[in-house]
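Structure below; questions to follow.
The chains carry the letters A, B, C and D, assigned in the order they are written, with residues numbered from 1 in each.
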Amino acid sequence: MIDLSSKLEKLSLELVEKNAHLYKVTVKLENLESILLSFLNEFGYITLDSINCRDDLEEGLFTITYCLQTEKRDHVVMVQTSIDRENATLPSMHTLWPQAEIMEREMHEMFGVDFPTHPSLIDFALEYWEHMPPMRRDFDTLEFVNSMNPFRDQRGDNLDVKVEMKKRREEKKAAKLKAEQEAAAKLAAQEQQNPDSEAQNNE
Amino acid sequence: MESGFHGSDLDSSLKCKLEESGMANTHAIMEKAVNWFRSRSIFVVAYGTGCGAIEMPPTFTSRYDAERMGVVGVATPRQADLIILSGYLAYKTLRRVIRTYEQMQRPKYVITLGSCPINGGMYWDSYNTIKKLDDYIPVDVYVTGCMPRPESVIEGFVLLQERIKNGEKAGWQKYDENLKFYKDNQKRVLGGHIDPSYETDWYNLENGGVA
Amino acid sequence: MNSIFLLLNILPILFLYQFGGDLHVSFSLTKDFTLSLIQTPLGTFFAYLSLISFLLVTVSQKSKKLSCNYYALQLLLSFAMLIIVLAGDFITFFIGWEIMTWSSYFIISKSNNIDIKSLQKYILFSLASAFSLIAAIVISYSFANSFDFATISASFKSMPFDIQLTLIILFSLSFFTKAGVIGLHYWVVDTYSKAPDLFSSILSAVMSKMGIYGLFLIYGNIVGYQELKIMFGTILNGTDFGYTLAWIGVATSIIATFKAITQDEVKRLLAYSSIAQLGYIIAVIGFGTTYGVAGALYHTLIHTIIKLLLFINVAAIIAQTGKNRFSELGGLIYRTPVSFVMLLIGIIGLAGMPPLGGFASKFMMYNAAINTKFALILIGMLFSGAASFLYCYKLVYGIYLGHPTSKGLETQKEVPLSYLIPQIILALLLVLTGAFPGAFVKVINPILTQFSLKALPYDGVGIMDSAVGNFNGLFIMSAFVAFFVLILLLISRIKSKAKNNINRFDISYCGEVPSKDTSLHYGFGFGTELHRIKFVNAILKRSTATFYDALALQTKRSSELLSRMYYGNIHNTMIIILLFFSALFFIGVNS
Amino acid sequence: MIFQIILLIMLAYVVGFIYFGLYRNILARIQGRYGPTIYQSFYDSIKLFSKKNTVNYGWMFYLGPIIMATGAVLTLILVPVFSDSDFLRSATSQGNLFVLLYLMVLGPLGNALAVGTGGNPFGVMGVVRGLTRLIGLELPFYIAVVGLIIAANSSDIVHIIDMQKTGGLNIINHPLLFIAAMISMVGFFGESPFDIPGAPQEVYSGPRTEFSGKFLALLMSQGSLFAFAKLVLIIDLFLGGADSLWMLVLKTLAIFVTIIFIGVVYGRYKVEQAVDFLMKIPTLIALLGLARVIWFG
């Protein structure tokens, strides 16, 4: 690893060791393409494991991570860069690693990152998605779900069960109490009525 | 109007004719007999939408042997009487399920497995699955459980057979009667991209393309 | 224009009908040579066959704007064929043969999509056929001192065996080339597929039959089937000669059938199918038995009807759509329903299915094979028949069923009436020959008598009699129609409502929705599976083209070698030529 | 004769359906299941006939199953069912073995037209697989039939049955031909290892993909009629026909059970494997049998 870090130092980059098998390099967006190219061609990182995207909503950034491996498969180097969240555009890496094509398609669909040089930026898992990309943190899943798929009217499944049971028990108790009261009131009313009728009869 | 829909009700016209000739009683007996045969022979297209797909092989093979009740699997929706939807449905799946359901020939029935088609189950707050299946297509029997064991699935079959035998009103009749309700709901979640859109007849384009 | 030539085509038929029977005309050219026309039952049969075919094709040519000299050439061709089938001696025969070759050559060269290579192929093979014919004629003249059929036939028995064999082989090669036996079929496919569309029907239906007529003439008239039996020994219940010829025919039939399945061009498929069907005829023509000859004649008739029907049908579709490949056609059934029904009847006949005439002829040929106990030949014919279902289905599916594969097909109109009328007549003929197979017996019996063979028994117009089993065409046809109507009525009474003519994209496609861009037509996928079967692949991967190309290449090289001799040095060349001739001289002196 | 034809069709319908019920039961028992009732195929067919609607892609689609059923019925009445009685003799004497060989293919070819009209590529794929398989499947069967025809010197089935009364059964005289014909029959009954056209795992149930309701029911019914006709043909050719109803049932059942026992233990061949196999071993067996017929009587 000393080897790689010395090579990277020539490019004025710092290799951060996360653990024995995981290293991180942070690069600027404008250098990304050339550095990835040198990772592939000069340092022998022939495998692109994944491209990850992290939504840093607070800083207004997307943090993109390219996970790379050599032929030996003994460690992973994460090449990290940040892009603007509002105008998220990245160069496509499918010319370096063909598997990047499908990973970038997924990223485009889930985060709305645009790849101008990508050959086939079509639907990946979703079909005809018209809303905000669902993995963005400002996408309110609950609100979206409730607007698209309301719960069943008959059952309040979105309520807390304990509270609900307590409420129901109380409701039941109240209903029972009310019924008893009503019954008593009725009885009383009958008792009241009877003398009246008698009184009427008497009249 | 979808091409899978054939509105005219032949049954009622036949009934009228028979009643006129004083044979309504025979018709009723015939109908009963046919219902019995329908209940004894159910061709299933098993649509493995979710985790429940794994419960269907044991249901149909040696251990639980659904064939002894006349329940047999077929490959195409054209031949099927019953579609089993086994688990949660993503919007993408729902589009195919509606298409498959509309390609089935009447009378047709729907059985769903698990709690997801009832209320979304553990995927209730997912941005990509539906919560209430019966908003989009009518469901005849819900078999609950997460997932239901093959015994429960067979119990679902028995329940469905009872209903067919008694000539109860089934889901497909509700679907035909409340078509607008179902279509509106489907349009709401599928965003106007409902297939199939066969309004124009490609083969009669010079006649204005009316099918 | 069309109607004038239509009349001109009717005239010889009327003439033959009015004055036929004992037509005998002869003109003497010099003291030794006379040209004679003699009407035999065999010739009459082929004459009617070709004349009626020409008439029907001329009817369908009405909607094509053809020039006057095209019609004139076609008429000349018809005249040439009439000369061939009525010829009483070989000079007349050869004159007819040459006129046929050249007039058809000019018609083919008028086609829009002909290339020089195919034309060269056609004329080269035609010339080869003519050369081998004239060689045989000259050899027979040197023994018989006459060109007359009867004289040659009489003196044939006294010829030495090797001359007899040479004659038979030379004549056979000539006529095999015309009929397109495998190996000599190199010109057939290209010519049939690149000739003018309607003219292909004449090439396949009539001109190839001239080869069959020639074979009948040689085996039946000149040599005689009895003589063949004496010349070559017998094997099982037939002759050695017939057995060899049958294997040639069966091999032709099987190989051409498999080749036909893999074709993408419609007319190429039909051309290969034509080769395969003629293979059947060649297989039974040498049996020398009543059923063999009857089967060959019957199949000649049926094949003429079917190929006319199919080629006219296909020509109409090509003229209407401008497409001639299965990968460009498809889904025409609702646009051209009458054409579809005609093609359907044609392929049922081609496949040899029972209610139509195709079965009757095949039945006759199979019976011939049983009679002679040629079991393997019979199996070969049955096998080729089973494989032919595939190309029959490809033909009807690729053009009419499935989905349209190119634009414009979905708004196609029905083909013009002038194309349909001959097709309807031919389809009716096919149905009639299927229902009344016995009627043909009366046509065949005089020919059998001409070959001094036993006549066929006649048991009624609907029954085809044979030594090993009968077949009542009328019963089967009527039972088929009756049951068909009965089941149709029953099914249409069932209350399960059929939603008619639903959109053709509404197919069960695993939940997906196909669109116009989805490739749904399976037409050009046909035959790829065959490449994975070892036996069939062994047939498919070989081609006569490689042999002939190599031959052409070697010829070219050797001629280059010869020419180099000259260009090198004139003195050396002279010396070599001198040495060569002196060597020849010495060899001649010494022997 | 019409009464006899109706009687025969009813008999074939019932026997065919019960045999298929039996087949499903035997299959279930071999797989360790209980299996459906023996009348299950009846239920299926009545249910399909009583379906409320059916898709139809046009007139050729409508006529295809009917052509197929016509072919089956015609095959049935041309096969002599009882060897000694005059039952339907007037009809059976009108045809011969070659007519039957071709009639057996007429129906499927008619149905193939309907499949093509339906326009489903899976259906056409099934048809093409079926026709390709037919190249291999017909070969041993043809050789066996040709061997019998040459041995009897007649293509008349009645004559072949009569020959067996005096000369002994063909199964004993020509065992090799019988074996070859039986291997082909396994394919004609759509059993493994030759069940290629309608493989649901590969081509979505093949030629039947688009058929529903009454068309599917008609196809099932004609299937049972056709199966019965094929069984009777086999016992006519090799087992000397049947002189009573009981013998008929006994002999056809024996053949049918043999075929399904072969079918249940094998997996499915690919098309090219099936044709390759059929062109090698069964063809060789049949050719040996044929050589015996030609040279040793």
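Simple rule for what comes next: contacts are C-beta pairs under 8 Å (C-beta built on N, C-alpha and C of every residue); 3 or more make two chains touch, one makes a residue touch a chain.
Predicted model, so just to flag it, every value in this text is computed and none were measured.
A.B. asks: Can you name the chain whose C-alpha mean lies closest to the mean of all the C-alpha atoms?
C.D. replies: Located nearest the centre of all protein C-alpha atoms is chain D.
A.B. asks: On a CA-centroid basis, which chain has its centre farthest from subunit B's?
C.D. replies: Farthest chain from subunit B, going by C-alpha centroids: C.
A.B. asks: Comparing C-D against B-D, which pair counts more contacting C-beta pairs?
C.D. replies: It is C-D, judged by the count of C-beta pairs in contact.
A.B. asks: Can you compute the centre-to-centre distance for subunit C and subunit D, using the mean CA position of each chain? Integer Å is fine.
C.D. replies: The separation of the two C-alpha centroids amounts to 34 Å.
A.B. asks: Just the number, please: Cα centre separation of subunit A and subunit B in whole Å.
C.D. replies: 34
A.B. asks: Report, in whole Å, the distance between the mean C-alpha point of subunit A and the mean C-alpha point of subunit C.
C.D. replies: The computed centroid separation for subunit A versus subunit C comes out at 73 Å.
A.B. asks: Show the residues in subunit C shared as contacts by 2 or more other chains, in ascending order.
C.D. replies: Residue numbers touching two or more other chains: 334, 497, 499, 502, 504, 506, 508.
A.B. asks: Hey, what residues on subunit B touch two or more of the other chains?
C.D. replies: 6, 10-11, 76, 78
A.B. asks: Touching two or more other chains, which residues of subunit A qualify?
C.D. replies: Subunit A, residues with two or more chain partners: not present.
A.B. asks: Just spell out which pairs of chains touch, all of them.
C.D. replies: Listed by label, chains in contact pair as A-B, B-C, B-D, C-D.
A.B. asks: Please output the residues of subunit D touching subunit C within their complex, sorted ascending.
C.D. replies: 49-58, 60, 62-63, 65-67, 69-70, 73-74, 77-78, 91, 93-99, 101-103, 105-106, 109, 112-113, 116-122, 124-125, 127-129, 131-132, 134-136, 138-139, 142-143, 146-147, 149-150, 153-156, 159, 204, 209-210, 213-214, 218, 271-272, 275-276, 279, 290, 293-294
A.B. asks: For a test of understanding, state which residues of subunit C touch subunit D in their complex under the given definition.
C.D. replies: Against subunit D, the touching part of subunit C is residues 236, 331, 333-334, 340, 344, 348, 351-354, 359, 362-363, 366-367, 370, 373, 375-376, 378-379, 382-383, 386-387, 389-390, 392-393, 396-397, 400-403, 468-472, 475-476, 479-480, 483-484, 487-488, 491, 494, 496-502, 504, 506-510, 520-522, 525-526, 529-530, 532-536.
A.B. asks: Could you please specify the touching residues of subunit D with respect to subunit B in the complex?
C.D. replies: The touching residues are 24, 28, 31-37, 40, 43-44, 46-47, 50-55, 200, 204-205, 208-213, 216.
A.B. asks: Please output the residues of subunit B touching subunit C within their complex, sorted ascending.
C.D. replies: 3-4, 6, 8, 10-11, 14, 76-78, 96-97, 99-100, 103, 195-196, 198, 201-203, 205-206, 211
A.B. asks: Which stretch or stretches of subunit B touch subunit A in the complex?
C.D. replies: 91-92, 95, 119-120, 124-128, 130-132, 188-191, 193
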